[in-house]
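In the two assemblies presented below, chain A is common to both, partnered first by chain B and then by chain C.
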Partner chain A sequence: MKPDPSMLPVLIVLLPLVGGVLAPILGRGIFGWLLALITTGLTTFVCASQLLLIQAQNALTPGFSVSYPLGGWPAPHGIELKIDLLSALLATLVSGMGFMVTLFSRQGVDDEIPSDRRRFFWSLWLLAITGLLGILITGDAFNVYVLLEISSLTIYGLIAMGRQRTKQALTAALNYLVLGSVGASFILIAIGLLYAKTGTLNMADIHAKLLLAPVDATVLTARAFLLAGVGLKMALFPLHLWMPAAYSTAPSAVAALLAATATKVGIYMGMRFIFSVFAMPGDEMLSGGNVFIIGSCCGAAIFFGSLSAARQPSLSLLLAYSSVAQIGYIVVGMTVGHIDAMTGSILHMVFHALMKGGLFLCAGILIYRLGTTRLEDLAGLGQRMPWVSAAIVVGGLGMIGIPGTAGFVSKFYLLKGLILSGHPVLAGMVLLGSVLAAIYVWRFVEVAYLRPAGDTPLRNGLPFEKILPVLILLGASIVLGIQPGVVVDLARDAAQQLLGVTP
Partner chain B sequence: MSLFATFNSIAFVVIMMIGLYTLIARQNLVKKTLGLGLFQTGIFLMYITLGVRDGGSAPILQEGADLAYSNPLPHVLILTAIVVSLSTMAVALALIIGVREEYGTIEADEIATIDRAEAEEGHEA
Partner chain C sequence: MSDSVVLRTIGGMLFPYILVYGLYVQMHGEIGPGGGFQAGVLVAAAFILHALLFGKELTDRLLPTWLVDLAMSLGVLLYIGVGILGLVKGRYFLDYSVLDPTHPAHAEALGMTLVEAGVGLTVASVILTMVRKVNGESS
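And then the complex of A and B:
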């Protein structure tokens, strides 16, 4: 693990940070959007190059990761950026989704944000992406907390900008602020306790020191606080209460960005702390009672999330509750600590980001053209906007996990891992979840195709920048459903690296 | 563990719990925000207590003297956390001003009643 001499890793946070600072100065008119587009595009390029580099190196020396000492101070005393395969994969995903949603959002933002606020919108937008990417690539526990708060504070502001459309955006943002801050404070307590125990903040160093010390009450308390805090951030049932209101009232671009990236980063924090910091051989971390508790939360998330989704009055809320259920799938895979389940979990993070991102972009098109996503007003959408409703159905099929969509591939690995590790009940919940998903997807199909067309007037045209990202994201979910090989290999290598299994 | 650390350990838990209770039990949004601030202050006290060493002096290197120093790192960390907490309060209060403009009240239960009434009228998506 020799340090990489190239400056590329630090650019991953530096580019969007600089963009975010420049946006209020340069971002008048169309320039804010252009700046965001260029910045996220460049960041995606850097992340992807790191991903390819690490994948190539990992094939030669398993467990390879890129390390970058900030300011030239070596770890464990300096702050270290540490990118392994999982970090690189998710950083590519987050920056790529950021690029796609930015590309989509020009007219939507013009539509929903008053002109004097737009440059601040793009500033917050880039800073939120900075925070999310930073969490993914840092190797320092306290840095995680700071970057988490950077992304959270900017996201509260972004959600509140939905007040032009509905004033409930303000209460949703405030609700999320209160719960999110409590969650982040819990993570802060956990980091404090870990520091008290080990005297270091570097994650790898904490892990090494924990391995030498017996597990005592301090470590167990730290882990409990950490799981509660991360659970709030990733919106794991029953800590999901902030999420549906936030997703359905935020500006459409923000909802798509959040659904595709923010909760995934929360899950990454959980994975990173559980497997790279706390995990130790012979520890009962991921067996018995803990699997029962987290597994029950996931099962309840899948069950109640899907059922609630079927009862929602609007497409945005339906998609938000569907996310509650999908987070259940992702977390259940990482809970059992089996290599196939972990692969499925990582795959589902990637595929769910593509599909749910695409679906929220479709909801964004509906808001742009109809001004609403209420299911009543979507009657007969199949005739009025055939392509958009077809896209929503394709995304919905992915949510169910029909063979031929990406959702099937990740659920297949999840099921395989859950059964092989001896958790048939959890496997049953995953299957039941697919049936329940069919109910909420059918609700949209019934409204869009089997009802006479409504008379809500259509406004605005459908510009090319809005079609292209939807096509790419949902197209990718189909292509990867048929030819998943590349991503499956990446996810499996990342899972092996995370669990410390040699192939 | 010194008397100072024992007292602080009890004090920060009490402060955190008062904050958390205020956050959950009060309907007034400003009071909720104050509860959040109190909760975070409790955590700051925890970190500061972590850095204290029996008989330790302020961590300023003195030539020739063989002194025990308190650990400055938790204090530095908590400076960052105080800034974060301050920004959180600022964002929360800004949002509350917005809520007051739109709803005319800052009581969480009254806001919920207004939202429910409007959902029944059905003019909000």
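And then the complex of A and C:
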């Protein structure tokens, strides 16, 4: 009899899946929210334990990862869950954000979703989290596609439940559905080509087989399809067109969850495929031409994303376009394949999720109390809702990357890596991006503090469950800006593991 | 709802046979072509035919909405339940051998039958719900 295997890996997807299936049965009234809260809380606990276990093992044997064969069928023939430091870190982030946003959104969901749909809302909500977590921990390429479809289909549904089911929300969901399906098909084509080439679907096995075979047109085509598909999913400029509309019309809870997690998981897919599947030994991860193309996309994302953000009529759209720019930062760091840039990239994924999640929650509070996030209706917000506008300013400072906020730490590592790897132009873009971010943050400051108070009536109180997540997320961005040690170590180890560099 | 006597009579006669055929495909899936997906669609088709011929009020009385809603979740729960049994017994998730430790082939057959039953239940109820929603009910 073998010793009992640890069941932590499978619990990461199992808990939200069971919760998502139970929600339509049990989810009437407040129970749906309670179920989602308990499920995401437990999942966060499991992910965090897994992260700590892997980190402890990693200190002894670098490059450690947990493998879990489903059904007891060993890889490469069976499907395995494979969790390394990066997977565990991001799984903790995704489930933790899921918990925070769930905690936040009880009244918001009561406010925005009709009562007969609420139990299905919580079901879709938990299934979306299941899909996102599954992508992070699976070691099977086809599984990635299936879980991607699970998370995407549920997210289309969640977006379409937008405010009073306006036409914009439906249009945004349809746009995302079409573009997202194109992206998913590209990823499927890439996986199909890889399968044709190697005859296996296990990622580690594909990688091992690719190392033995010469790089030919099939592999290059697969990589091209994969990068395009993943680019659509992560909303990298110029493939970001679905994102601002989807974020600004979705229910406020959904917008916060998406901004904090969904695009991050897209970026994770890109990292995983580029560095763990396609990576060639002794070769650069991406050729000079690829770095040029993706680097230009990132530069354009930072430039146009920030400039567009400064011209938007509402806070939700402003935040969405700011996300376009921030995704540019994250991707630029992973492109050059330098250890410091990769550390910065992973750090920025975590910190951006905290800050942008917190900011979208603030936008959710505005919708809950004012019913709008149009900037002209926010005039004088600094006097009318001092705490909320202060929180938005704190998040905004993090977007700029002022020293003392978490945004500074990740940008510092990005810049260091970009300069050390010999890409001064890209480093310049990152610096320019900070200046441009100051423009759109200033727009909010100007509206909120330098204009006379508007007369949009305030409704509803400000319940404690709404304040607490905002405080935790934006508080964490300040604390981690001053004491980033723990997360930096984790990100550096994860980056080393991903790049296969020995310390 | 159809007024044609021929359609209603023949449809009414076919209805139980389609259900039985669905069950046959369901049970057969473990050793040959068939299985939960196909069987689920067949069973759903039987009820859709019933609704077309006799009107959806009558079908709703035969198969209430709450039951269909419940079946959607129960099917997946059955699948997950088989998996969790493996976890509870200290083996891997979805490890069928815990169902009959003495005879691995029997355990596998039993496990697959249960899992396919879950798939069939969910597919049938999801298809029925989709048809119901497209029909414009409760929106």
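Remarks
Following the convention adopted for this analysis, the second predicted complex is superposed on the first by the 491 of 503 C-alpha atoms of A that agree within 3 Å, B and C clash if a C-alpha of one lies under 4 Å from a C-alpha of the other, contacts with A are read in each partner's own complex, and residues count from 1 in each chain.
By our rule, contacts are C-beta pairs under 8 Å (C-beta built on N, C-alpha and C of every residue); 3 or more make two chains touch, one makes a residue touch a chain.
Keep in mind the model is a prediction, meaning the values are calculated, not measured.
Legend: residue contacts after superposition of the two complexes on their common chain; A:V21 is shown touching chain C, with no touch to chain B. Look at A:Y68: by the touch rule set out above, it reaches chain C but stays clear of chain B.
When the two complexes are overlaid on their common chain A, residue A:D116 makes contact with chain C while staying clear of chain B.
Look at A:M7: by the touch rule set out above, it reaches chain C but stays clear of chain B.
Residue contacts after overlaying the shared chain place A:L133 against neither chain B nor chain C.
Of the two partner chains placed around the shared chain by superposition, neither chain B nor chain C is touched by A:I54. Comparing chain B with chain C, more residues of chain A are touched by B. Looking at the complex, you find that chain A touches chain B at residues 142, 145-146, 149, 153, 156-157, 160, 163, 165-168, 170-171, 173-174, 177-178, 181-182, 185, 188-189, 192, 195-196, 248, 313-314, 316, 367, 371-374. Against chain A, the residues of chain B that register as touching in their complex are 20, 23, 29, 32-33, 36, 39-40, 43, 46-47, 50, 73-74, 77, 80-81, 84, 87-88, 91-92, 95-96, 98-99, 102-103, 111, 115, 119, 124-125. On the side of chain C, the complex with chain A involves touching residues 69-70, 72-73, 76-77, 80, 83-84, 86-87, 90-97, 138. By the touch rule above, chain A contacts chain C in their complex via residues 4-5, 7, 10, 14, 17-18, 21-22, 24-25, 68-72, 116.
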